[in-house]
Each structure stands twice: as C-alpha cells, then as structure tokens.
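Following this line, the structures themselves.
Two complexes come next, and they have one chain in common, chain A, joined by chain B in the first and chain C in the second.
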Partner chain A sequence: MARFVVRRTLSAIALLFATSVVVFGIFEVIPSYNPARAIAGRNASEATVQQVSRKFGFDKPFYDQYANTMKLIFTGQIIDYQDDLNVVQQFAQKFPVTLSLVIPAGLLWFITATILGSLSALRAGRLADRALMVVAILGVSIPVFLLAAVLLYLLAFKWTIFPNTGYTSFAANPLQWAYHLVLPWFSIAVLSVGFYSRVLRSNLLDTVNEDFVRTARAKGLRQRHVFMRHVLRNSLMPVVTMFGLDFATLLGGATLVTETIFNLPGIGQYEAEAIGNLDVPPILVGSIFTAFFVVLFSGFVDVLHAALDPRVRLSG
Partner chain B sequence: MAERLLEVDGLQVSFLTEDGIVKAVDGVSFTLDRGEVLAIVGESGSGKSVTVMTLMGLTRSPNARISGSAKLGGRELVNAPERELERVRGAEIAIAFQDPISSLSPVRRVGDQIVEQIRAHEKVPKQQALDRAVELMERVGIPNARQRAQAFPHEFSGGMRQRAMIAMALSLSPSVLIADEPTTALDVTIQAQILREVKQLSEKSESGVIFVTHDLGVVADIADRVLVMYGGRVVESGTLDEIFYDPQHPYTWGLLGSVARMDRDRPRRLPAIPGLPPSLVNPPQGCHFRPRCPHAFDKCVEVPPLEARVAEAPAHLDRCWLEVSEKRELRSVGGHIGLFDRTVAA
Partner chain C sequence: MQSGRLPEEPQGPLTVGVGPYRLALRRLLRNKIALAFAVLFALLVIVCLLAPVYSHDVAHIGPNTTNVTGTITVNGHVEDVVSASGVPIGPTGTRHYLFGADEEGRDLAVRLLYGGRTSLLIGAVATSIIIIFGTLMGLLAGYNRFADAVLRPIMQLIWSFPPVILGVAVGTALALGGIGPVKGNSVFIPAFIIGVIYIPYLGFPVRGEVLRLRELDFVDAARVQGMSPWRIMLSEILPNTASTIIVFVPMMLAYSILLEAYLSFLGAGVQPPNASWGTLISDGIDYIQTVPTFALIPGAMLVLTVLSINVLGDGVRDALDPRAQVRIKT
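Presenting the complex of A and B:
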C-alpha cells in the first residue's frame, strides 16, 4: 500500500508537470496572444505595453516565464491578467459552489443509473427495457446546453416553478441552496444516467450468465439476494471506475456549461470567462486542478477496485 | 428397505430457438434410492446436463418448455413455484458443478460462500455457520480448513476448489446430491480421491448421488446403476454389471468399445463411434442412433420403447429393436465389446 501511494504520487507529480507545460506552451504559440496588451488596456500606448511586458516578465524566454508563473502559483500569489485578482483565492472561494453542484449531481446520476440499469436488465427485451432504452438514448443525445436552456425556459421563466438561476450558499439557507440547484443537478445527471444505465445493463446481462450466479441460485438463495450480492456487485465494478474519473473531471471544473447557463459562480464559470479572455493564470491553475483530481480519483478507484475484487492487486 | 428419493417420469425439456424447437430432453424417466449412486452417461448434447439442471429448477429460460414429472420425496419439482424451489435447492437437492473456478464467486471468501448457503436455509448465527463450513471443508479433505475458509477461490488449487464445491453441496446434508462432471477438470490422482470421498460421503450420509459424466472409467469406479443417454433420450439403463457386461444398446457398445484399456494385449487404434451426435432441432426419425448404427434395419424408423428385453434382468431396460440373441452376437469380436461394422468386416 505504501509503495502504491509513493509510486502514484510520483507519477502524479510528473503528470501535473506535463499538463502545466503543455497548457503554458499553448499560449506561447497562439499568434495574436499578447498578455501585456490585455493588461495594459486597449488604449494604452506602445511604451506602456512595453513597460507592462517587462514588469510581468513577458519579454523573458519561455522557461523563465514558466518557472516564474509556477512559483507564483505554488506560493499562492498568482494574479489573473484581467481583473488583478488572486487566482488561488478565487478558486478557494468558488470551489464550494462547484462541490455543491457536482456531489449531489454525482450521487443522483449514480443511484438513478444503478436503479434504471438494474430494472432494464431484469426486464431485458420487454417493454420497460425498451422504453428505458429510448429515454437513455435521448439523455445521451441531448447536449447539456440545450437541455439546461430548455429546462430553464420552461420551469423557471414560463412556469416559474424553480428560481431563475443564481446561487445561495448552503450555510446561508440549505433549502434555498437545494431549490436553486435542482435544475443544474438534473441537467448534469441526465447525460450520465443514460450512458451509465446502458453500460450497467449490459454488464448485468453478462454477469447473469456467469457460472457462479448459477451456483448462487443452486444454493437456494432468494432471487433478490442472488441479484444484489452476486450479480449487481460484480457488474458495478467497471461502472465505479468510469464514475471515479467522470466525477474527478467534474470536480476540476468540467461543469463549465452548466455553471454558465445557470449563473453559478463556481470554478466552471470562472474558467469559462478566463478562456474567453485568454487569461492564462486561471486556465493554468484550472488545468492543474483538474489533472490533480483525475490522478487522485484514479488512485481511489484502484484502491476501491482492489477492495471489491480480491484478485486485483495494487501496483503503481 | 431402500427408500425412494427421486422419481422422474416422462421429463421433457424443449427450447424454442430461431432454428426451431430443440427437444433437449425427450421423455426421460428414472428413479434414485437412498444410498445409491446413479451415473448418467452420454456425450455432449445428450441431454444429461439439462436433465439435472431441470431437477434443480435451474432451467428457467423464458424459451424453455418443461413437462413431465420429477418428484423429490413426493414433492413435485417440475414447474414448481420459484419460492418453493428456493427452499428445496441447496437443502434437499444440491449440485456440485464442473469447473469450480467459474462456479465459485471470485470476489467472496470460500467459507463465506458456504456460510451463505447454510444461512439461506437455516436461521443460525454467522459464527456457528462458519464453524459448520470449516467442519465440512475438513470432511472433504481440505487441510487447514479454518484458515482456508478465509481464502478466495483463486487462492485454491483446482482439486481444493472442487472439494470446496462438494463441501458446499453437502452443507445441508441433501438427500440427493448431483455431481455434474465434477472430476473432468482434475488430474487422475485427485479425481480418484474425490470420487472415493463422494462415494464415502454418500454411504455415510445415506443420500442418493446422481453422477453426470461421459467418463466410463469413473462410472465403473463409483456407480451402482447406470443411465445411458443419447439425443435427449435414455437408450439404456441397468445395474453397473448389466451395462458393462451385457450391454443391449449399440450406442452403449460404442461407448464401451472406445474406452482405452490397459489390460488389452495388443495395442490398437482407439475406435470411435462414426458420425456425429444427432441434431436435436431436426432429429432422425425413429431411433436417434439409427444414422450412426451399423446394425440398423427397417424397423428402426419407429421409436423403440424403453423396456426390459433381457428375460433374466427385468430392471435392465433398453431402446433397441434387435433381438437379445442377435445383440449378443453382433456386439462382440474376440471377446471384446464394441460397435463393429459387419459389412466392412465381411
């Protein structure tokens, strides 16, 4: 276990380094990109731009700039070019919003997908299964921005059942918090529910034909018991792996579209703005942030996998 | 004194497939008494596995049609409600499957898998059930059973896994134990041990054993009575001696003739039964063995009934139209039994 943690940590560091270099490098090769002008403002004179460029070190070579930026990031002093705000502080401030969005949405989609996938498999080929298949394909096919916009239009503007966007913190008012987040949760969950329930369904149908399931039935176990303890447990493993990685990218700010449409001041929205402004520091921090979660969760998934299946051994 | 445990009468199992109706089991009848080992012999696709699966109530495909009767101590098993079968399965009739690597759950400890079965039928505390599981594992010859119970199936050797499977099947002292080719995946020495143990256990616990196999060597070791199946039908049944020394059906001759024997003086090529097993979608008219039988004649297009034809042995049944005296003549060459093609030999 210790060996596993050490090896994973080392590879995580390597990955984060590579991610930051690539993201930083992209801005180096974007043709019209001039951060000094962005900072100095549209009407600044050429001399001012030059001055800003020197002050921020944009005239230095690539590796110097990179080293300097990384130093600022890891000492928590990095400032974005657009609004002169501390990026790390911004992340700390906005992360709870993203967590509020992603954790319940993740639970919602995982549980719903497990129930629908199981139902589908138990009724394989029958009407309920086919109906769920159609729903799943619809869910997978509708883009999040369209679904979110339609939900918002119908349920918030037209019938005003739900509030018109915005965010209330959990600490301030838990009820309002949930009330504001129902539509965003739903929008995120729909796509994944469709996909996950289909994957789970096919896993279940494979597992049902396994010999050990036949043994479980031959032992005289109740059908429910056979399904829950033997079939479902073995079928969930690949789904858990998928879930870990999807969840990690969402935590890292992949909720860009949802947060923008529902006007939730989380990391996704912040990133969306930064990308629009070609504002390097938030983009860079965001990429490292996402990569960090992906590495962390793939480690979690491996540990969980080893716990669920004794044949799996942890290795770096 | 022998108590009848199981009475199977006219069991039919067919499956609706895209190619048509497959009659996997076509009117199988037999009985099993306490303390008896019945071997069901036949090649792949003869319907032997489907027969025992149906007895366990495990043929539950929506495309399966099951009829006939199978009574376990007077209780009808065919088409019984699932709830009722759940109570019987594992407790009164249990099965040890072939291939124990895939038949044991890979993610659960071996002991727990036995405990699970005990607790499905009896309300006992976990620890007590585990003690019983360990005891059972010791009984089937697993050393260090207390520790091994905590291991996972992939940490067991093939032989140990098969023993664990048998321990599991025996966990509630079922009156009928079905062993579905339990020794095919094992090497010969372990096979012999397992056979001895199954036999002993059946004698000790006075249960009846149904041993499904295609290995006549195993049959000779263990069986009291033999049921030979071909193309979904019983073609011959009788005591071990009747089947081995006075076989009546040409298919049985073929089976006996194709066994490798160490006691033969002259090494020879091992004879095989010519042809292929019958298609069960479109089976041959009359006797299913007819297309492969060198002794077939015009009467064979009618299905021969399974009945006693040997005067001295009223319990020795077979499905062949030939006269007993003809059969005794045709089946042997140089004192050895086999399926011999007289037209070629002549």
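Presenting the complex of A and C:
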C-alpha cells in the first residue's frame, strides 16, 4: 500500500508537470501570438506593449517565464491577463457552482445507469432492453450543447416550466438552487446514461456465466443475493473506472459547454471565457486542476477496486 | 481471426469455406438496420457533395453571399430577409431561403450543405490521421520496447486531457496564427487537431493487441525465417490487428465530427466565413427563442449523420465479432 501511494504520487507529479509544460508550450510556439499586445489592446503604442511585456515578464526566455508562472500559481498569486483578477481566488470562488452542477449530475447518471443496466441485463432481448440500446446510441450521437439548447427552447422558453438560465446558491435558497439546476443536471447525465448502462449490461451478461456465480447458486443463496452481492459487484468495476475518470474531468471544468449555455458562473464558464480571450493563466490553472483530479480519481478507483474485489491487490 | 491464419494464396481445391472478412460482410449484409442507416449516411454525403449544384442552380446564391437589407416574396407577401431588429427570416418553403436565413442574410439551406461538406471533410481527414498514426504508433509501441518508452508517455499525455479542453486551447491558439503555410482559418487546422487528440484512442488498443500477438508462435516463426522487424510488423502483425482497426474507423469518424461541432461551437474550430454544422448551431442558438429552426435544422443534420455512422459502426463490430455483447438486435 505504501509503495502504491508513493508510486502514484510520483507519477502524478510527473503528469502535472508535463501537463503544465504542454499547455504553456502551446501558447509559446504560436508565431503570431503576442500576449503583451493582447493585454495592451489593439491600438496601444509600441512603448506600452513593451511596458506590459516587462510587467508580465514576456521578454524573458521560455523556461524563466514558465518557472515564474508556476511559482505564482503555487503561491496563489497568479493574475489573469484580461481583468487582473487573482486566478486561484477566482477558481476557489467559482468551484462551488461547478460542484453543485457536477455532483448531483454524477449521482443521477451513475445510479440511473446502474438501475437501467441491471434491468436490461435481466430482461435481455425484450422491449426494455432494445429501447435502452436506442437511448444509448442516441446518447453518443447528440452533442450536449444541442440537447441543452433543445431543452432550453422547449422547457424554458416555450412552456416556461423551468427558469431560463442562471444560478442561485444553495445557501441562499436550496429550492431555487435545485430548480435552476434541473435542466443542466439532466443535460449532463442523460447522454452518458445510455452508454454506461450498455457497458454494465454487457458486463453483467458476461459475469452471469462465471463459475463463482454457479457456485453461489449451488450453495443455495437467494437469487437476489447472488445478483446484488456477486454478479453486480463484479460487473460494476469497469463502470466505476470509467466513471472515476469522467467525473474527474467534469470537476476540472469539462462542463464548459453546459455552463456556457445555462449561464452558470462555474470554472467551466471561466475557462471557456479565458480560452476565448487567449488568457493563458486561467487555462493553465484549469488544465493543472483537471490533471490533478484525473490522477486523484484514478488512484481512488484503484483503491476501490481492491476493496470490491479481493483478487486485486495494490502493488506498485 | 486466429493468429495462425495462413497467407491468402490460392490453394486450389483444398480450400473449403470462406475467409473471415467475407463471413463478416455476409453478416453485415443480413443486418437490415445497419444497412438502412448505411443508405441514410450515403444519402447525406451525396446531398452535401451536391452543395455547389444546389447553390448555383436552385437557390442562386453563394454560401457566403450576405443580404442584410434584401427582401423576399413568400406567399405573395414581401418580407425582410433580416428584420429591422436583426432577426433573420425562418423557413420560407420556397427555393430561396428554403430553411430561412442567418443573421447576415445568407441562405441557411446553402450554408447547411456547404457546412456539411466541411464537417464531413474534417471528419474524414481527422479519421485518416487517427488511423494512420494511431496504427503506426500502436504497432511500434507494442513491438519495440524502446519505441514504447518514447511513444507511450506521449500518448498518455494527450489521453489525460479532456478532448474538448485540449482541442479548444490548441484550436484557439492556431486559429490566430496558423501553422507554417496553413492559414489560421483553414479547415485543415481543426481536422489536424482532432486527429492528433484521438490518436491514443486507437494507439492504445492496437498496442495492447500487438503486445499479445508478438508472443505468439507465428511471430517467432517469422523471426526465425530472418524477417526484418518492419516486415514482421507490417506483414505478420498488422493484418491480425485489422479487425480492431476496422471497428475504430466508423467510431472515430463519429467522434471527430462531434468534436468538430464542439470546437466550432466554442469558437475554436471552423473559422468564418466558412460554415460547419457546429458553427451553424452555434450561430443559431442566439435565436433559439425567435427562430428555433436556425439551430435545430443543422442540429438535426449533425445528429442524423453521427447516428447513422454509429449504427453502421455497431453493425460492423457485430459482424466482425459475433460474440460481442453490445449490439442492436439481441
């Protein structure tokens, strides 16, 4: 276990380092991109541009700029180019919005997929199973922004069942909070549910034929018990792995499209704006943030595997 | 597709039965749903390829011709193409502005077809990049330990970024300056970015397959015969990974077209004045309350295309591996 943690931490640091270099490098190698000019504005004089360049250190070599930026990030002093706001503080301030979007959506998606996947495996070949296949294949064919736009048009504009867009904090009014977030939760969850339940279904159908399931039945366990404790527990693992990584990228701001459409002031919307303005610091912090969650959750998933499945041991 | 497959040489009267690919083709042709969607996909491609014909002979307007102040007669009424408040006209049902106009008075039906060409072209180019380089990297990484030490971390790095975030960052950056002789608004930039992002999606499965295959006897036999590593990789191992690669072709095409739509939606994909289904949806969402068809028609085209590729791809996978559990008809 100790070896596992050490090794994971080391590879995490390597990945975070590589991620930050790549993101920083992308903006460094673009020939015509001059951040100082972008900050100073289109009509700024050459002297102003040079002044800005000195202020942000753009006149220094690549590795100097990189080291300086990383130092600023980890001391929490990095500011964005656009509005001179502290990026780390912005993230801290906006993260609760992303959490209120992602956690309920993730739960909805995982629980629904588990139930639908189990039902369709138990009723393999019947109508419910085939309907799920259609949902699954539609889910991977519809981009989330289109679904969100259709939902907004039908449910918020035409029939005005749900509020237009925007966000109310949970502390201020839990009911309004949920009311505003129902459509975004649904948009995120529904497209993935189909695919996840298909994966679970095919795992379940494979597991049912395993020897240990026959053994469990032979020793007289109840069907329910065999299914919940043996079949489902084994089949959930690949789904848990997928979910861990998908959830990690959602936490890191992969919700940028959903947040933009529903006008939710989370880190996804912040990243989308930063990308539009070629504002490097928020993009850099966002990428490191995402990579951090990816590493963290893939570690969680491995530990969870070992807990769920005694055959899996955590070794280096 | 067993590892010990013999070279495909005419073997005279001794041959009985048919090869695995012919069997797969027969299974695919029996799959009515997959065939129906294959026809739908072919129709969509043909319609999009006919964009210049429609533009020139039916609508009489180019894809980028603006017409902000123009008027059009619908059912005997004269109507503004773009109203005084800037709202474009909806579907007219006539040969002019069949599906309405966009905010600059361009014919949406014409742009829909040209946009489709762009989306399909980007999908095709990106998929070619993925298939060629994904296969090559997978082969090298799987076969040679030193190549693996170099290629695996690179693929892992690309893999660890969410595609949309990486694509948008690189896309925005390159749209400004272009790469070398390629201009920033070229449609090949998003195609190239999407291709690179999805290389690991094929590279890793191929690598895994090669790791398994290279331990088998027929590879040893080839080595003992004195074949060079390249020849073993290309003429012994590659044909055995073919069914994996074939399954990925439709899947990657669908992924690429969708990612293009995401990037264009976020302003990091196809750049104006070019259109793609993604940019049209993105333009149309601003008018979702007043002219919902503006976003929904390109949206429907995009979903139909990706859906037909996905259903066809599912059929191909079932045909190649009849034991696979995920399929349309159970």
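Here is the rule we go by: the second predicted complex is superposed on the first by the 315 of 316 C-alpha atoms of A that agree within 3 Å, B and C clash if a C-alpha of one lies under 4 Å from a C-alpha of the other, contacts with A are read in each partner's own complex, and residues count from 1 in each chain.
The rule is short, and it goes like this: contacts are C-beta pairs under 8 Å (C-beta built on N, C-alpha and C of every residue); 3 or more make two chains touch, one makes a residue touch a chain.
Here the structure is a predicted model, which is why all the values come from computation and not from measurement.
Trainee: Should the pairing of chain B and chain C on chain A count as a clash or a fit in the superposition?
Mentor: fit
Trainee: First (chain B), second (chain C), both or neither: which does A:Ala18 touch?
Mentor: second
Trainee: Quick check for you: in the superposed arrangement, does A:His230 touch first (chain B), second (chain C), both or neither?
Mentor: first
Trainee: For A:Val285 in the superposed arrangement: first (chain B), second (chain C), both or neither?
Mentor: neither
Trainee: Which of the two partners, first being chain B and second being chain C, lies in contact with A:Leu152: first, second, both, or neither?
Mentor: After superposing on A, A:Leu152 lies in contact with chain C but is clear of chain B.
Trainee: Determine how wide the angle is at the CA centre of chain A between the CA centres of chain C and chain B, giving a multiple of 10 degrees.
Mentor: Rounded to the nearest ten degrees, it is 80.
Trainee: I'd like to know which partner A:Pro310 touches here: chain B for first, chain C for second, both or neither.
Mentor: In the superposition, A:Pro310 contacts chain B only.
Trainee: Return first, second, both or neither, reflecting whether A:Ile142 touches chain B, chain C, both chains, or no partner chain.
Mentor: second
Trainee: When the two structures are overlaid on chain A, which partner does A:Ile275 contact: first (chain B), second (chain C), both, or neither?
Mentor: The second partner, chain C, only.
Trainee: When the two structures are overlaid on chain A, which partner does A:Ala218 contact: first (chain B), second (chain C), both, or neither?
Mentor: Touch status of A:Ala218: first partner only.
Trainee: On the superposed three-chain arrangement, identify whether chain B or chain C touches more chain A residues.
Mentor: When the residues of chain A touched by each partner are counted, C comes out ahead.
Trainee: Chain B to chain C: minimum CA distance in the overlay, Å?
Mentor: For chain B and chain C in the superposition, the minimum C-alpha gap reads 14 Å.
Trainee: In the superposed view, which residues of chain A touch chain B and also chain C?
Mentor: none
Trainee: Applying the document's contact rule, which stretches of chain B touch chain A when the two form their complex?
Mentor: 56, 58, 82, 85-91, 94-95, 97, 99, 102-107, 116-117, 120-121, 152, 154, 168
Trainee: Using the touch definition from the top, list the residues of chain A that touch chain B in their complex.
Mentor: 210-212, 214-223, 225, 229-230, 233-234, 308-311
Trainee: Can you name the residues of chain C that touch chain A in the complex?
Mentor: Interface residues on the chain C side: 153, 156-157, 160-162, 164-165, 168-170, 172-174, 176-178, 254, 258, 261-262, 265-268, 281-282, 285, 288-289, 292, 295-296, 299, 302-303, 306-307, 310-311, 314, 324-330.
Trainee: Name, in rising order, each residue of chain A that touches chain C in their complex.
Mentor: 15, 18-19, 22-23, 26-27, 30-33, 124-125, 129-130, 133, 137-138, 140-143, 145-146, 149-150, 152-153, 157, 198-199, 201-202, 205-206, 249, 252-254, 256-257, 260-261, 271-272, 275-276, 278, 283, 286-287, 290-291, 294
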